[in-house]
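Okay, so chain A shows up in both of these, paired with chain B first and chain C after.
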Partner chain A sequence: MPAASNRRNIVGVKAETVTNVSSTDFPGHWPGEDHSWNIKHFRRTFRVKFFRNTPLFSQFDLIHTDAAIANTLRRIMIAEVPTLAIESVYVSNNTSIIQDEVLAHRLGLIPLCGDKDALKGLSWYLRGEDSAPREPTDEDTVVLYLKKACERNPDAKKTDTDPDKLYINHNVYASDILFEPAGRQIKSFAHDPVRAANPDILIAKLRPGQEIDLTMHCIKGIGQDHAKFSPVATASYRLLPDIKIKKPIRGKAAERFAACFPKGVIAIRERKDGEKEAVVDNVRNDTVSREVLRHDEFKGIVELGRVRDHFIFSVESTGQFDADEIFLSAVGTLKAKTINLKRDIYKMLRKQALDARRAREAENPDADEEGDAMDTQ
Partner chain B sequence: MSATGSQREAYQPPAAGSSGMGRSYVPAPAGTMFYLCAECGVKVGINKGEPIRCKECGHRILYKQRTTRMVQFEAR
Partner chain C sequence: MTVRHPGGSASFEILGEDHTLGNALRYIIMKNPEVEFCGYSIPHPSEEKMNIRIQIYPEYWEHTKPYDALMKGLDDLADLCDHITHAFKEARDNFVEPGDNSEQR
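Let's turn to the complex of A and B:
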């Protein structure tokens, strides 16, 4: 939470404008203040707070960091955390009305789950050249199959019109996809086989005589390549809303004031003298709808805003990994990327220095000796 | 689509024993091809030289069945 006196990190939300949008905590902006990057300062101020943490959904706050960092983490969660998804579909028979291509696409989008450690242990499948494609192995490919044929139900009454009674196997669900472990997968996925994370996804509808018989190869990939590899359904953040009441709002006005906000945002407390007063209770519930700014009676009394360095993340997993795990893995990816960047920058600087020295030596070969002579003097 | 192979194989009548389809009700004699009747949808087995005609309803339009050869697709 920002200190009351410190309004620097508050984005102002006015009736028709948004003010004070950019952050100002960088060197040279505030005279006499040192805002250079300092790991000690960051360690002291930065905080992560979890509010909800279930396997499929987690909501947490990143406090006192920059929008650049928050957005990087969001983007990495969406596009760069690897997951397993169906990549190739080998159709032996498909006489359903849904075309092979469409069926393959639908199958690809089904979220899979299974033993998490075994999934993380899978290696990348390298496609190889067209002339020399690489054979899939038990380390990089998971094989699933789906076989279902629809028949008439012999016990159905003549008067029945309900497809559930007339036919057998007329709905193909994601739970019909079965796992065929190969090699060491038999052991690693023994307790938690690969399967659809949501068993009730309807893949296709069949009628008597129609049949689907196919084999699928799943590989590890990232969301950058295709959305089916994205581990999150949504990963987003918003800034913490901020409501500042400048003058006490009492009596009937307090109730009208509370009605301008979603439930729980404004509480009405009874003062010692028995009068009711509006106080800010839970700003997280606020949607910053600006409804309050439309009422003349609250003009100048209330200031709406958002805290610029307080990010409320909500991460919804598709089911392969836990939501908090996805965030942690995004942090790991970011760290790896910064290490690579640092190494490359050093490499570039070294090369620049070397080039500059070579250029100097080429210009006048005695320069170095002269320099040495100068040093000794 | 990866289904279109460059090499076209010549037609080979299915060998005895493997009738092509997963379930065969009667052991089909060699050279029997199965078609679907356009009228009643029944599976009709037709031998070489036999008239093109449904054995159930007598309809003369028969459809060729979908290939059971494997076809590869990208799930994208």
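Let's turn to the complex of A and C:
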């Protein structure tokens, strides 16, 4: 690649402006260069690199793709990967100070977990006509119960002031939510029942005589409908920072230079002649704060930027699915979208062809249609 | 301004889609060398509608219609998804979690 094109994928970060923002890898943009879509080229250049992969958190790089693709996948992870969440709460008794509707909202936001395959196997709960509730089944609805009543602790000392000693069951936690499997759920969730992903979420506080007793129906949904269905706590990407030192920075200036960046970004190496020199060590740690651009002594010596086709993804799961699985589901969802849209276009083209033929026939009516035309006159 | 051949350009109204598919589709259709212009818009945020416009270079009108470019874009996007899945799984399966001393976010 020529030297000029090496800087082509760098977004310039200047003191007051950001330059070279848009990608230009389209046919017809650069004379004599072929930028048309080529899956072989994509297979050769596209890279994925993992940095962390735990069930709840993944960090990985997508290299040599466009922001359009990276952003689409990020958006799908947040808004279109389905999860199970509490949708309806049927309150039998709630004498706590937290109101029914507030309690229901709090319950809805609790992330659930359970057997992953069984969760994926659940079907959509579709409302009937006029969005009237439909009879739930074991295929589309998971039923949970929560029942807790607070009372005085008979063993408490008179001098006690700590609620933990004075009362029994005064805290309602997410771990108190119990699963009631129905039908085939008894088998599919046998080893891994539906429960709160984080058992220590405090739902409500009670005092002696107060009680919460309710039934919850959980259904599958997507984040587009309500944030409680979003499988991720955060799914974000940033571009890889780029620091270019144009002239060697040596001696005391090297230390001042390193101090402009977060730890680990700039290393100070000792040269053969014993002088210190600043070199770029780990750009991933940089926050691109532009602090270095405020110092006159480094003016024109350093260029900051970001690599436009290098995306550092961070995906944090809420606990229902593993973070890497959520990304794969997002890619699968995007592919499903293309297939569904293609099917709809075929349908549209067939209808258009049919309409065109009808219109032609109306213009040159044969004997039968002439009779009809006479009637309407 | 020239009058366009009616078969050389078209706008498609896609219901129930937004920027998620719109921008990805725009990118991949713009990668098609027969396409002179491709853009998408969401006319109003309250309406679940996404409009995508495609114009074909006049020299390709004979054998390429805008919906052909749209179909090709969808196919290319599906290929891209397949390869991302493949590359992602490969990288994940070969990845060894480093010691917990390098927390990089």
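The rule is simple: the second predicted complex is superposed on the first by the 332 of 377 C-alpha atoms of A that agree within 3 Å, B and C clash if a C-alpha of one lies under 4 Å from a C-alpha of the other, contacts with A are read in each partner's own complex, and residues count from 1 in each chain.
Assume contacts are C-beta pairs under 8 Å (C-beta built on N, C-alpha and C of every residue); 3 or more make two chains touch, one makes a residue touch a chain.
These numbers were taken from a predicted model, which means no experiment stands behind them.
A.B. asks: Return the chain, chain B or chain C, that is in touch with more residues of chain A.
C.D. replies: Of chain B and chain C, more residues of chain A lie in contact with C.
A.B. asks: Check the residue A:Leu349 against both partner chains and state whether it touches chain B (first), chain C (second), both, or neither.
C.D. replies: The second partner, chain C, only.
A.B. asks: After superposition on the shared chain, which partner residues are touched by A:Trp124: those of chain B (first), chain C (second), both, or neither?
C.D. replies: Neither chain B nor chain C is touched by A:Trp124.
A.B. asks: Applying the touch criterion given at the start, work out whether A:Phe60 contacts chain B, chain C, both or neither, answering first, second, both or neither.
C.D. replies: In the superposed model, A:Phe60 contacts chain C only, not chain B.
A.B. asks: Is A:Trp30 touching anything from chain B or chain C once the two structures are fitted on A? First, second, both or neither.
C.D. replies: neither
A.B. asks: Residues of chain C touching chain A in their complex?
C.D. replies: Contact set of chain C toward chain A: 12, 14, 17, 19-21, 23-24, 26-28, 30-33, 67, 70-71, 74-85, 87-92, 95, 97, 104-105.
A.B. asks: Residue numbers of chain B touching chain A in their complex, please.
C.D. replies: 1, 22, 41, 66, 68, 70-76
A.B. asks: What residues on chain A touch chain C, complex-wise?
C.D. replies: 26-28, 34-37, 39, 42-43, 46-54, 59-60, 62, 65-66, 68-69, 71-73, 75-76, 79-80, 284-285, 314, 324, 327-328, 331-332, 334-335, 337-339, 341-342, 345, 349
A.B. asks: Write out the stretch or stretches of chain A touching chain B in their complex.
C.D. replies: For chain A paired with chain B, touching residues are 85-95, 100-101, 104-105, 107-109, 209, 213, 215-216, 226, 228.
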